[in-house]
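I've put the structures underneath this note.
After this come two complexes, each holding chain A, first together with chain B and then together with chain C.
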Partner chain A sequence: MPRRATGGDAPGRLRSRPGRRPASWRLRRALVPYLFLTPFFLLFGIFWAGPILASFAYSFTEWRGITAPEFVGLRNYADLFADERFYTALGNTLWMAALYVVLANLAGLSLALLLDAPWMPTRHLFRTAFFLPMTISMVVTAVIFQLIYAGDIGLLAKLLSVFGLEGPAWLRDPATAPLAIVAMRVWRTMGYYAIIYLAGLQAVSSDLKEAARLDGASEWQVIRHVILPGLKPVMLFCVILTTISALEMFDEPMVLTQGGPGDATLTAVMYVYQQGFQFLQLGYAAAASYVLTLVIVLISIAQKLWLGEKDR
Partner chain B sequence: MILARRGSAQDPSPVLRLGLLLALCALLSVVLMPWVWALLSSFKPRSEIMSTGFLPEVWHLGNYRDLFATTMYPRWLLNSVIVSVSAAMVGMVLCSTGGYAFAKFRFPGKTLLFWMVIASVSIPPFTTVIPLFGWMAKLGLLNTYLVLVLPFAASAFGLFMMRQYMSTLPDELIEAARIDGCGEFRLFLTVILPLSRPALGTVGILIFIASWNSFIWPLVFMRSEEMFTLPVGIAGLNSEQMAEYGLIMAAAVVSCLPMLLVFFAMQKQIIAGLTSGAVKG
Partner chain C sequence: MNRRQLLAAGTGGAAFAWSAGRAPAYAQGRTTRILYWCWSEHARGAQAVYPKFREQNPDIEVEIVNLNPQEIQDKILVAMATGVGAPDVGLIIESRFPSYPATGGLLDVTDHVAPREADFSPRLRNRLQHRGRYFGFPYIQNVAVMFYRQDYFAERGITAPIETWEEWVEAGKRIRDRQRNIYMHQVSPGAVGFGPLIGYLEASGTQLFNEEGRIIRNNRQGAEVLRTYHDIVRKDEIALLVTHNSPEHFVAMRTGRIAALHSGNWGLDRLEREAAADAGKWKVQFWPRWRREGPPAIGTWGGSVLVLPRANRNHAAAVKWASFLSAEKEAQIGLWQNGYGLPTSVAALADPRMREPQAFLGQSMYEASVLGREVNYLNLVRDWPRVQIEMGRQLDAMFQGQKAPEQAWADFEAAMGRQLG
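Presenting the complex of A and B:
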């Protein structure tokens, strides 16, 4: 553990012959890595590791921020599992995450396969263009999409009306609101995952592809039996990344729907936020966030086992 | 014609090729459309946003004028710049020193510490924000830049990246410098850092982007309007009754500009940085 809280400074500059004074020299040498680590771990401890552990402790207390936390045993967890809204939030999160993981990976992979085709012109330009949405913040994306989904003034409604059609009020209808949010997320991240898949595709041996083609395999067979098996590790990475990021969804529903209509887009993290920062139930919110963490960890492990097993 | 094609299965027929290319272009226009729409809408007065047309009848600059004159937008922009630039600077110092220790030293506790950093990545951010909110409130640090700069500077991802890069630097070089009597700190500054410049740049950009786009942190820790960063400010404009869409679109357009500049200037590092870690599997 880092012991000294002074920033990393120079230990012994005058040491010219390392052979001399072995004992003190060795001590100094042994301290060097810790000095280099101190600044990072000081902040990492205060802002990440410490709070993560403290949060677990606080989940067994009633804590309203200003007053001292008061130990209440498992009451927060009992209340949590008795709250129907928590199940709604968890259910919404799982449903939106599942949809998002499937769509984002399908879109990313298809886009990558298309961009990887040897005959594709201006591949580089396409790659950059599809990546662009990823650099814009989720909040800005969400406010822009508000003016796309909005009932009668939105772009979608206006485009549909050109053809004499009338769409639903995407964000006001409990059936379409989650879909609208997922679609926006896929729009934003598709290019990012395409680039990851593209890098994976380029790592698949071209000899293998060539050999399969010479043996008369169709392009689809090459994809199915040569490329996809070679992509397994990259796919595992993308699936886990999309899953974790979707299970932590917060910005989009917060800006677009505030969880509505009627809790149809309330996500687990939004639930934690409301409990913690709108009702100031910090202990209770900590308990909810730990349950969510557990769900995330379990799902990641399950995916690893499932996708890893097929790897053989 | 058919004979001219070499690997026959490799190239789909020209018709299919054209079809796929057109599909790709259609998809690309769907991807770019929201921005075009935001840009168009930012030049429309309220009445035109409500009407059915697509293009603004007159290109109206009122939204941009109002944005800078009647809202605190300039202040939020300033806050965002201060916070993100400082986080990137401090982060480059922390991640390079920490990454160096993990890359080039053996010491007791190394595996444990490294594992701790990796594990922290998969914990949802809210788990850390809850106790921090209580602590920062007690310390009177809410509404300060400090609470937004320091957590982003201690970036697990940045540390990991610096470690990866620095472990590829030759050990002989470091040994040679030590034999020449170079002190450990000077060795780091004059040998290691200059060699790690590419990775350092990437880490700086990634921290900048993460901080610039972050919503949860400023939402929780910045309680007064003049300390908001852009995402919180824009979300605030958006949640007002009778939201002024033209104004909001102007805000969205202006806040995209710095990011787009950064992106086009440093495209390679950004794409490589954001996708690294994937291919090693």
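Presenting the complex of A and C:
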């Protein structure tokens, strides 16, 4: 009992201590949590918020690098909206992104369902195998696909020739070059999205699936009426993720086609890159990147509202 | 010893150990280490002549970094604009050089280049200057040449060297007639195709821009060159349309699908790697004349310049390395022997070693393709990437049959007028 009494007194003593400590000690103690948070805010300020605000300011200037930026008001935005290449780039980006989002999610989800099926042998091996393309360097992937798409010596051309068909010049035809790029991107990323969908599938109640089967539902009906509704939050996440990444598409067209043929695969980010880092119009490029950011934000909000609404 | 003292002692000890024993020589002030950005054959050339440089400058270490050429241009430009991340010495494609001095990020090297003006071509005196001051060191030039398969030519009774473009096209038809899946040479679409096109334009004496950097309007000669570029692919069908330096192009070289390779001198380096098994079968000749009655003029395939970003601190060491590569006869010869970069130094060009045969060809590339030919050059403008991209768009439209070459040229002129004034 005496030990309990001592123990019971201890908090009281502790509570009374601050009152006896000097004000500087209390101030220091109050500041400590903020001190621990400071590195994050410093890094965030320097590498995120700072550049975002600075580039917004630069979007109203003409700036070619070292020479001082010159304020030009809204001229960069006016020039941007008058440039037909910007609309071409934006149009290409939007339709390639739409196609990519649909195909990547369909492929990822299908793959996840397949890898989750109990009858699938060595599915753990396949889970790793399908993720591997994500780990391959983009340049290596591009070289592989250049050889797949190459004129009459490419893998696709050889396969088609077996059936007596002659394929197009995949990367030199404006009709097929964007499709070729989307296909390569889907191949690269579907394993990654399959893993996310697979994680989502684990959260779908097996009792519900079992109950549906007992009620006589076919496998397709189980997927359609039990699994897919259960996966909606994951689908929303994957759709937004694929949309954002597709709207930022740069590596694949840069390495495979450099935006060609013509401007058939010129994406909005490539346009920004050309203006900023090749033509050294950094203010103009900043304006273009702000418009692109706005487009991404609007599309993400629309997706959230649409899918969120359906979810309710 | 409390925790703080222990921590302080540990940190101090580690710092001492690093500074005393672990730090590299350059960090201890014994040597200066500089960074040099270049690409493939130039990296190999630089590695070959580096021991000679070290003999002369034991206090300077050079880290030679091999990067993608297009990547270097953009990276250096951005590094200069931002003031961080630039190499001490960088290699710039000559046509891209005019963009750089205007940024204010290059070191003025007039004191090192002007005294040896007599040792390089007057063309470079103009190209490397900005407002009367030098901002780059002459490095190498790239004359456009034609490599060809001697065995293919002999089988079809074609005698090389072929003097004119007209004869070249006729020879190409004979190559194709005998075997439809073999082409005379290759032509690139897109922006990449503009590099090779420069060789055709220069050889014909065509200019895109006047001395003041204004686009030349109603340029019939330019349209005529573009017509030829189009016809060899679409009408005469002697040229294979594939992107230059793509895997498809390399496979064509390796499998003997092309009887010739239009390229700068450095193309020999590419052939040695891609078609090693065909050593001795490949030969080289000068670029065919545009017209029989004209001068024996040829064009270029680029050329490169050494620049020193101002933001770095090792200016003295960087100047020594750039001067060595640019002005030292032994270095210039070494770059030719190891990377086939044609010297800009007049003294190096006059050296008997320039006439030595290349083992892969079994002949002297310099004698067969350059010597005695007049080299034409395009006037450059500051925004060269715009020119490259716009011409690339027109080439694509032309090869896809969306417009005639004459229309493509007119559209190119109009676009350049809008963009560059």
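Definition applied: the second predicted complex is superposed on the first by the 280 of 312 C-alpha atoms of A that agree within 3 Å, B and C clash if a C-alpha of one lies under 4 Å from a C-alpha of the other, contacts with A are read in each partner's own complex, and residues count from 1 in each chain.
The working rule: a contact is a pair of C-beta atoms (placed from the backbone, for glycine too) under 8 Å apart; a residue touches a chain by one contact, two chains touch by 3 or more.
Remember, predicted model here, so these are calculated numbers, not experimental data.
Asker: After aligning the two structures on chain A, examine chain B and chain C and state clash or fit.
Answerer: Overlaying the two complexes on chain A (C-alpha atoms) leaves chain C and chain B clashing.
Asker: Contacts for A:Trp187 in the overlay, against chain B (first) and chain C (second): which applies, first, second, both or neither?
Answerer: In the superposition, A:Trp187 contacts chain B only.
Asker: So, A:Gln146: does it touch chain B (first), chain C (second), both, or neither?
Answerer: Touch partners of A:Gln146: chain B and chain C.
Asker: In the overlay, answer first, second, both or neither for which of chain B and chain C A:Ser300 touches.
Answerer: Touch partner of A:Ser300: chain B, not chain C.
Asker: A:Pro174 in the overlay: touching chain B, chain C, both, or neither? Say first, second, both or neither.
Answerer: second
Asker: If we overlay the two complexes on their shared chain A, which of chain B and chain C does A:Phe279 touch? Say first, second, both or neither.
Answerer: second
Asker: Using the superposition described at the top, determine whether chain B or chain C touches more residues of chain A.
Answerer: Counted on chain A, the partner with more touching residues turns out to be B.
Asker: In the overlaid three-chain picture, which partner chain does A:Pro261 touch, first (chain B) or second (chain C), both, or neither?
Answerer: second
Asker: By the touch definition at the top of the document, which applies to A:Gly65: first (chain B), second (chain C), both, or neither?
Answerer: both
Asker: Should A:Ser245 be classified as contacting the first partner (chain B), the second (chain C), both, or neither?
Answerer: neither
Asker: Among 1-9, 19-27, 73-81 or 163-171, which stretch of chain C shows C-alpha clashes with chain B in the combined arrangement?
Answerer: 73-81
Asker: Following superposition on chain A, which residues of chain A contact chain B and also contact chain C?
Answerer: Touching chain B and chain C on chain A: residues 65-66, 143, 146-147, 153, 258, 277, 282.
Asker: Applying the document's contact rule, which stretches of chain A touch chain B when the two form their complex?
Answerer: The contact residues of chain A facing chain B are 1, 8-13, 15-16, 18, 30, 32-34, 36-37, 39-41, 43-44, 46-52, 54-55, 58, 63, 65-66, 111, 114, 117-121, 126-148, 153, 155, 158, 161, 187, 190-192, 195-196, 199-200, 203, 210, 213-214, 216-219, 222, 233-234, 236-238, 244, 247-248, 250-251, 254-255, 258, 269, 272-273, 276-277, 282, 285-286, 289-290, 292-293, 296-297, 300.
Asker: Under the touch definition given earlier, write down the residues of chain A that touch chain C in their complex.
Answerer: 64-67, 143, 146-147, 150-151, 153-154, 169, 171-174, 257-263, 274, 277-280, 282
Asker: Give every residue of chain B touching chain A within the complex, in rising order.
Answerer: The touching residues are 7, 9-12, 17, 20-21, 24, 27-28, 30-35, 37-38, 41, 49-50, 52, 54, 93-95, 97-98, 100-102, 105, 107, 109-110, 113, 116-117, 120, 122-135, 137-138, 150-151, 153-154, 156, 159, 178-179, 181, 183-186, 188, 209, 212-216, 220, 230-232, 234-235, 238-239, 245, 248-249, 251-252, 255-256, 259-260, 262-263, 267, 270-271, 274-275, 277-279, 281.
Asker: Report the residues of chain C in contact with chain A in the complex, numbered from low to high.
Answerer: Spelled out, the residues of chain C in touch with chain A are 74, 77-78, 80-83, 99, 102-105, 189-192, 241-243, 246-248, 251-252, 255, 383, 385-386, 389, 392-393, 396-397, 399-400, 402.
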